[in-house]
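Two complexes follow with subunit A in common, the first pairing it with subunit B and the second with subunit C.
Let's look at the complex of A and B:
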């Protein structure tokens, strides 16, 4: 398997800070609701089993997207609440924050959803999520042994991801 | 923070890792030659090239979206423009043009004047039914499939068969909106 040397993964990652492990969890879903990747670095409390947790997360985001699109005060055309939308169409939310964590979300027009849960004082992570999407493309999509739509089992991807998330402010 | 603007095809092409054009052309030629030897029927080879293109397209779309930063296209016209100007430029290094829009805006032609796949290629008489570049139609079909657009892609003009340019007809069949995938509510 050749190393993807020489090419810069663009955009270049935001500069890492000195602080340690800031990411709590990462989920990657595809358009069919299959959880392609779940990484956990710092999660003291587990309330549900993995299956239910993924379903809950996917369902939450699906509904939030729908709600934010319908409540958009600037958009002219609104269907009824619950009408399915094309991924990326209409306005899309990108994060929400509680007193204990911040959840950042990115969805691509191809239906790949990347969710990163971090500590509440994290800044805007949209660039970081784009960088993670680029990592996904380089290490997962371009891997001929990977079947699209199946869970990701790539050590190299996991290691690179861990290293990158550790450096996010 | 303002959203990052989509990058033009030229800018991305300059930054992306490239392979030698002749290597690419000769490798593709070897693939087609091997398919002809294995499958013997020209129709079978056409189908197989389309299927291979489809498998490439479903992965290529993610790379395209990641590197080019385009947001969701508003309508099919914009989609066709993006495919021709950014997509072809980024992956093949050539710019295509979009022509022949029909009245509803669901069917158009993408015209390629030069095509790196067919350098040095001549079609012999007994293979006149072969669509040599059929992999391209599969790639476009696969990529559009992953962005919820079902499309049909066919060749109108093929320079290997005597026409002057390559012309692909891309017809949007329907847009498939996203449905909530879990049927049972637990």
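Let's look at the complex of A and C:
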């Protein structure tokens, strides 16, 4: 899984299909748990208010990463449950599926977590998440007026993101 | 090459009632398996809260780098989950079959106390048989 290197600056996105409108929500968190971006396209059910929802999502991901690092059947040397793991350390999950949604997750070496919630029959979205990360780098990180660690307020980023997610199966 | 690395059964309160490891390097001691089981129970419940649609019944499949975790929840809230190699097929049907074995050899056992750890020899024997059968079938392909 390469983040740097490669012949192109951004990997070419997977070919979009005609289905569209399968993306429900997108979250972007930084390593401290601050929600940098929350986009919502199709969410009929809101169980909690926005703050609690973000905290719950971050907490769920943190615990799931801890769980997968502990449950890894291929490595014998593991830390204890609940010990904070560095990004990339230990086995990490990349998606889970329930009967109503599929959550795809990607964590970059800098601790940026991108979460995309879609229809349960969606395929592997790891390449799409990498593309979204590249959008983040191009439109947000390279923006000199953006302070790292603050919520993202870029119309251009939002529009490009919406367009891209609409094209994912 | 094992099809399943390990199997867990947790009761409706999240307590571990059965754990079997089928040969993985990541074998855990009892305390850790108890912690992992309760953690899974809570994560399963939280995932229902975060659903964008109503009617979510919790995580069915978790895909990680080195393993997949399949979970089957019965109508009574008992969860059967198996850690297996990424991309293993047919685990859903195996879990449903294990649920059948559970109802036959555990629940119908008059000496078995519900929600307590499972100590039924016939359950163990039949479980091993069905998992071995699965493993042979996969190796044969």
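We take it that the second predicted complex is superposed on the first by the 160 of 169 C-alpha atoms of A that agree within 3 Å, B and C clash if a C-alpha of one lies under 4 Å from a C-alpha of the other, contacts with A are read in each partner's own complex, and residues count from 1 in each chain.
Methods note: a residue touches a chain if its C-beta (ideal position, glycine included) is under 8 Å from a C-beta of that chain, and two chains touch if they have at least 3 such contacts.
Quantities reported herein were computed from a predicted structural model and do not represent experimental measurements.
Of the two partner chains placed by superposition, only subunit B is touched by A:111; subunit C is not. Contacts of A:62 after superposition on the shared chain: subunit B is touched, whereas subunit C is not.
In the superposition on chain A, A:24 contacts subunit C only, with no contact to subunit B.
Using the contact criterion defined above for the overlaid structures, shared-chain residue A:44 touches subunit C, although it does not reach subunit B. In the superposed pair of complexes, A:95 makes contact with subunit C only, with no contact to subunit B.
Common to the subunit B and subunit C contact sets on subunit A are residues 59. By the touch criterion given at the top, residues 1, 4, 15-17, 58-59, 61-63, 65-67, 69, 71-73, 146-148, 175, 177-182, 186 of subunit B touch subunit A in their complex.
Residue ranges on subunit C touching subunit A, taken from their complex, read 5-6, 24-28, 32, 35-36, 39-40, 42-43, 46-67, 69, 83. Across the interface of their complex, subunit B is touched by residues 4, 6-8, 10-11, 31-33, 52, 55, 58-59, 62, 83-89, 108-112, 124, 126-127, 130, 133-134, 136-137, 141-142, 148 of subunit A. Remark: subunit A residues 24-25, 42-45, 47-48, 53, 56-57, 59-60, 63-64, 66-68, 70-76, 78, 81, 91-101, 103, 117 touch subunit C in the complex.
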